[in-house]
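Below: one structure in structure tokens.
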Amino acid sequence: MLDIQKIRADFPILHQQVHGKPLIYLDNGATSQKPRAVIDSLVHYYERDNSNVHRGLHALSMRATDAYEGARTRIAKFIHAADPAEIIFTRGTTESINLVARSWGHAHLKPGDIVLTTEIEHHSNLVPWQQAARASGATLTYVPVLGADGEGGLDLAALDRLLTPQVKLFAFTHISNTLGTVNPAAEFCRRARAVGAVTVIDAAQSIGHTPFDVQALGADFVAFSGHKMCGPTGIGVLYGRRALLDQLAPDETGGGMVSQVTYDDARWKPAPERFEAGTPNMADAIALGVACDYLDALGRDRIAAHDAVLAQCAMAKLSTLPGIRIIGPRAGAERSGLVSFAFAEVHAHDIVTFADEDGLALRGGHHCNQPLMRKLGLTGTTRASFYLYNTEEEIDLLVASLRRTVKFFGVT
Amino acid sequence: MSADLTELYQQVILDHNRRPRNRGKLPTANRVAHGDNPTCGDQCSVYLRMDGDRIAEISFDGSGCAISQASASLMTTQIKGKTAPEVQTLYKNFHDIVTTGNAPEEISDLGAFAGVHAFPARIKCATLGWHAAIEAMKSDPMPTTTTESHVD
Amino acid sequence: MLDIQKIRADFPILHQQVHGKPLIYLDNGATSQKPRAVIDSLVHYYERDNSNVHRGLHALSMRATDAYEGARTRIAKFIHAADPAEIIFTRGTTESINLVARSWGHAHLKPGDIVLTTEIEHHSNLVPWQQAARASGATLTYVPVLGADGEGGLDLAALDRLLTPQVKLFAFTHISNTLGTVNPAAEFCRRARAVGAVTVIDAAQSIGHTPFDVQALGADFVAFSGHKMCGPTGIGVLYGRRALLDQLAPDETGGGMVSQVTYDDARWKPAPERFEAGTPNMADAIALGVACDYLDALGRDRIAAHDAVLAQCAMAKLSTLPGIRIIGPRAGAERSGLVSFAFAEVHAHDIVTFADEDGLALRGGHHCNQPLMRKLGLTGTTRASFYLYNTEEEIDLLVASLRRTVKFFGVT
Amino acid sequence: MSADLTELYQQVILDHNRRPRNRGKLPTANRVAHGDNPTCGDQCSVYLRMDGDRIAEISFDGSGCAISQASASLMTTQIKGKTAPEVQTLYKNFHDIVTTGNAPEEISDLGAFAGVHAFPARIKCATLGWHAAIEAMKSDPMPTTTTESHVD
């Protein structure tokens, strides 16, 4: 069991008042807060070690290089990658997915090919595939989600039908940021591999919340963001299996990723450098390594269990509100630590504004899931997303606040 | 409930939100424009039947928060029968109200939106319908689309 | 005049010993150090305001959004852009140039077109144009540099000949990171405009060192990095003239840059959002705004004057070393605050290693300028690059250290 | 000058740096490989004339710091006449020396590189020529190229 009070003490931002009420931060699906150790890591870097990593032979540059490459090794361990060279630092999930969609897509997709994704993807795991399909003449196909509230998960029977040998790539989210659905990622990778399709896992919502082993999952590419896993903003990762990375052309070009440049031509370094053009985001990469330490010291299995308890508690208590429609897996089914809901008579933005007055940070809107919203007949939802520092008491305060709001808007 | 919040969600606004006026497509429209609030996803289409340089008929359609829907609804009641320069003047007054919180006494129900000024993120909600209406008046007699630009 | 001792007190990292000697940081061309105010800004953000900016209506999200958009406005002012929407946040110069090379290049370049650049470009302003030319069938042409040591600057007569109406884009560096040459950027933009070519200025080395006015320069696109101007790592800017940005297709796609998404299609927001897919690097963008405040409080004209004094001083004192070959503008000519040099008998990496023992941070190698090195008959140089916290005393220590090193290697 | 630095730049190394042995292209070579240190840009080509499974003649060419050039030079003197397994064994010893700083007494001039261990960034400089030589021995009797991978 996590010692939540001890954990809360690690997060300076939580100890503030908003509109005179203690802050209750339930917007972790958008971004997580940062423990003192991660903030300290940034300060330490800039106060002691800051230097450009490329080709530096002086003390600061060697320290910065060691710390930066150490972070790469740390993150490889965090997701159990076979080789640190499989870890490419990016700005975040979105850039990671764009990198694959462009570099891999450009090299491998052709007319007649199919790119498969699902109806529940975040725009960042959807629009890049629309673009890659358009650029190559391939077709983009979606695995349907089942149930009027998306509660049935992805249609596994349809997946069987859709995974034809024409499918060259299957991109899917591990955890839905709107429905809270946990997809059977290992099973998806297994089925995709059976037809020779490359897999891309959007792990934005899972990476900081559950144990994650790229080799056990059998994933080819995995994308995630540091800012949702207690790390800083502006840093993320693309994991790629070495065998695939070695064949891949670079996406961006410039300093640091070339071995030989003439006025006519350039030759690339191997991965990971090949995919990291320009001065990297050293400070934030190093701090991301510290976030891995922080999460592993607590145990991601324990964090997942804590998330699950909060989600169950929230489901039970929210269901008592008049007029509420909860989307995603039904109570009792597996769901990650977030709950989205809607009221026919009150728009999500009004709910969020009222909640804010009670110190609650919620998110309202389409959550970068517009097509899914349309499919479910919603213009948006309100989402409460939990993390390791949230408590059941906070959920009680959430429910009380929502009750006042819907009452104000005349919902009974 | 805080005073700011009561100020924001005035009775007039709640009423227009619950029972929007002139809502739906206007079959006889000869002008239309669509407004999008990229920040929060609110949407509003405004349909006009212009008669010479005056708005003869008007309706709106869309989705969004109480502020954006009530504002569009109230707007339709205020600008019907007006010319483009008259609408511009009204909009200027309205914009002053939602950004400063000062509503001149003589100003009709629009003053109900004074509370918006305490919620800067919602100013775009309150002005969404107005932008669409102004675009529609400017537009050619055929459907067009507009997206609000970055800076309000 | 700058009060250097007061400035030095603002930079925590400078107050340390390396191998028992006070650190002398002369690697500012690679990356600059950060003042306390910039570091504090990061801490403040993570301790008080951290939240995702997109579509958030709760207090933290509004604060984060205001701070992030405030930084955009601040940076617009810093370079005198007409509109904050012309400021696109990127990871740095390299990404900014890649964005233009891909988005603009894809839309506008065709076989028969010419992309013009110069022989003195950093790999980051060279390889992306090689790639864009290759992808489009356009030809890449270089303005030659004059002089056996590159001391003659770019060949302006050749530029006149090369700037034909076939030239669609002219990309050039404002200040060379190896030669120290200051290019006449306004003149280049004027000439390029006369033939209808779009201009891209690589301002990586100039932005934090000299006053910079995009409108006075008449530039179409300008790329720079935060980390070289007292800002954090992982953040940079692409400035683009609004009229050009509005026509440009996005580079990366995903959350935050779309106005409307269906399973079939997506529509883009206007600039700047169109070019900022995914969660932005909020903390570092905000801290970059603080770096602008810091530099402007001191005055970039004063910083430039200080750089010039140090460069002159270094040129004079370095010339007394036996066997030294200084490249770039001759003593007395305009040169930015950096000096590159070489010894036939001692490799740059050995020099840097010896200097490090004396607490000096220098850079040795090709400085991401391989083709230029080859042209000048060099395998690399040693570079001392100065900034607002460096002093003439540090240059004396540099020269004394170099004298010992070349003596050790038997140079007389 | 610090003790570490004197350890690094031993007389043997300075001597090989100043007067490299077996430097230049080998006209009779039937094997060649090129090594690149992406971290610092050092380069080294090794040319071999293999006679059966032994190195009959050897030369190197390239540019880089004193450590990389001296190491390549010294290497050529040490592996001439050796077979691939013998070179592997020698390289293993050399790698131990530059990473641990411990040089067994019986080891020839290679021990001069023990000082490298205090400068981890320079280990790749010291091993660059060796990697190229090993690649050259493995290569087909025709020119090939190798780039050192990310992890040493």
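A, B, C and D are the chain letters, set down in written order, and residue numbers restart from 1 in every chain.
One rule holds in what follows: contacts are C-beta pairs under 8 Å (C-beta built on N, C-alpha and C of every residue); 3 or more make two chains touch, one makes a residue touch a chain.
Bear in mind the structure is a predicted one, so any value in this text is a computation, not a measurement.
Colleague: Could you compare the number of C-beta pairs in contact for B-C with that for A-B and name the larger?
Modeller: A-B
Colleague: Quick one: point me to the chain whose Cα centre is farthest from that of subunit A.
Modeller: Looking at centroid distances, D is the chain farthest away.
Colleague: Please work out the Cα centroid separation of subunit B and subunit D, and write it as a whole number of Å.
Modeller: 76
Colleague: Using mean CA coordinates as chain centres, what's the gap between subunit B and subunit C in Å?
Modeller: 45
Colleague: Centre to centre, by mean C-alpha position, how many angstrom separate subunit A and subunit B?
Modeller: Each chain reduced to its C-alpha mean, subunit A and subunit B end up 37 Å apart.
Colleague: Centroid from C-alpha atoms only, then distance subunit A to subunit C, rounded to Å. What do you get?
Modeller: The computed centroid separation for subunit A versus subunit C comes out at 31 Å.
Colleague: Send over the residues of subunit C in touch with two or more other chains.
Modeller: Touching at least two other chains: 19, 55, 57, 260, 349, 353, 365, 370.
Colleague: Please list all residues of subunit B that touch 2 or more other chains.
Modeller: Subunit B, residues with two or more chain partners: 40-41, 122.
Colleague: Throw together a list of every chain pair that touches.
Modeller: Taking the chains two at a time, the touching pairs are A-B, A-C, A-D, B-C, C-D.
Colleague: Considering only the defined contacts, which subunit D positions touch subunit C in the complex?
Modeller: Counting only subunit D, the residues touching subunit C are 1-2, 4-5, 8-9, 14, 18, 40-42, 63-67, 69, 119, 122, 125.
Colleague: Quick one: which bits of subunit C touch subunit D in the complex? Just the residue numbers, please.
Modeller: 19, 345-350, 353-354, 357, 365-366, 370, 379-380, 404, 408-410
Colleague: Using the touch definition from the top, list the residues of subunit D that touch subunit A in their complex.
Modeller: Residues 36, 38-41, 120-122, 147, 149-151 of subunit D touch subunit A in their complex.
Colleague: Would you mind writing out the residues of subunit A in touch with subunit D in their complex?
Modeller: 55, 57, 62, 65, 83-85, 259-260, 269-273
Colleague: Under the definition above, what is the set of subunit C residues touching subunit A in their complex?
Modeller: Its residues touching subunit A are 12-13, 16, 18-19, 23, 25, 27, 30-31, 33-34, 38-39, 42-43, 46-52, 54-61, 91-95, 97-98, 119, 122-128, 130-131, 142, 225, 227, 232-235, 252-256, 258, 260-266, 277-284, 349, 352-353, 355-356, 360-365, 368, 370-371, 374.
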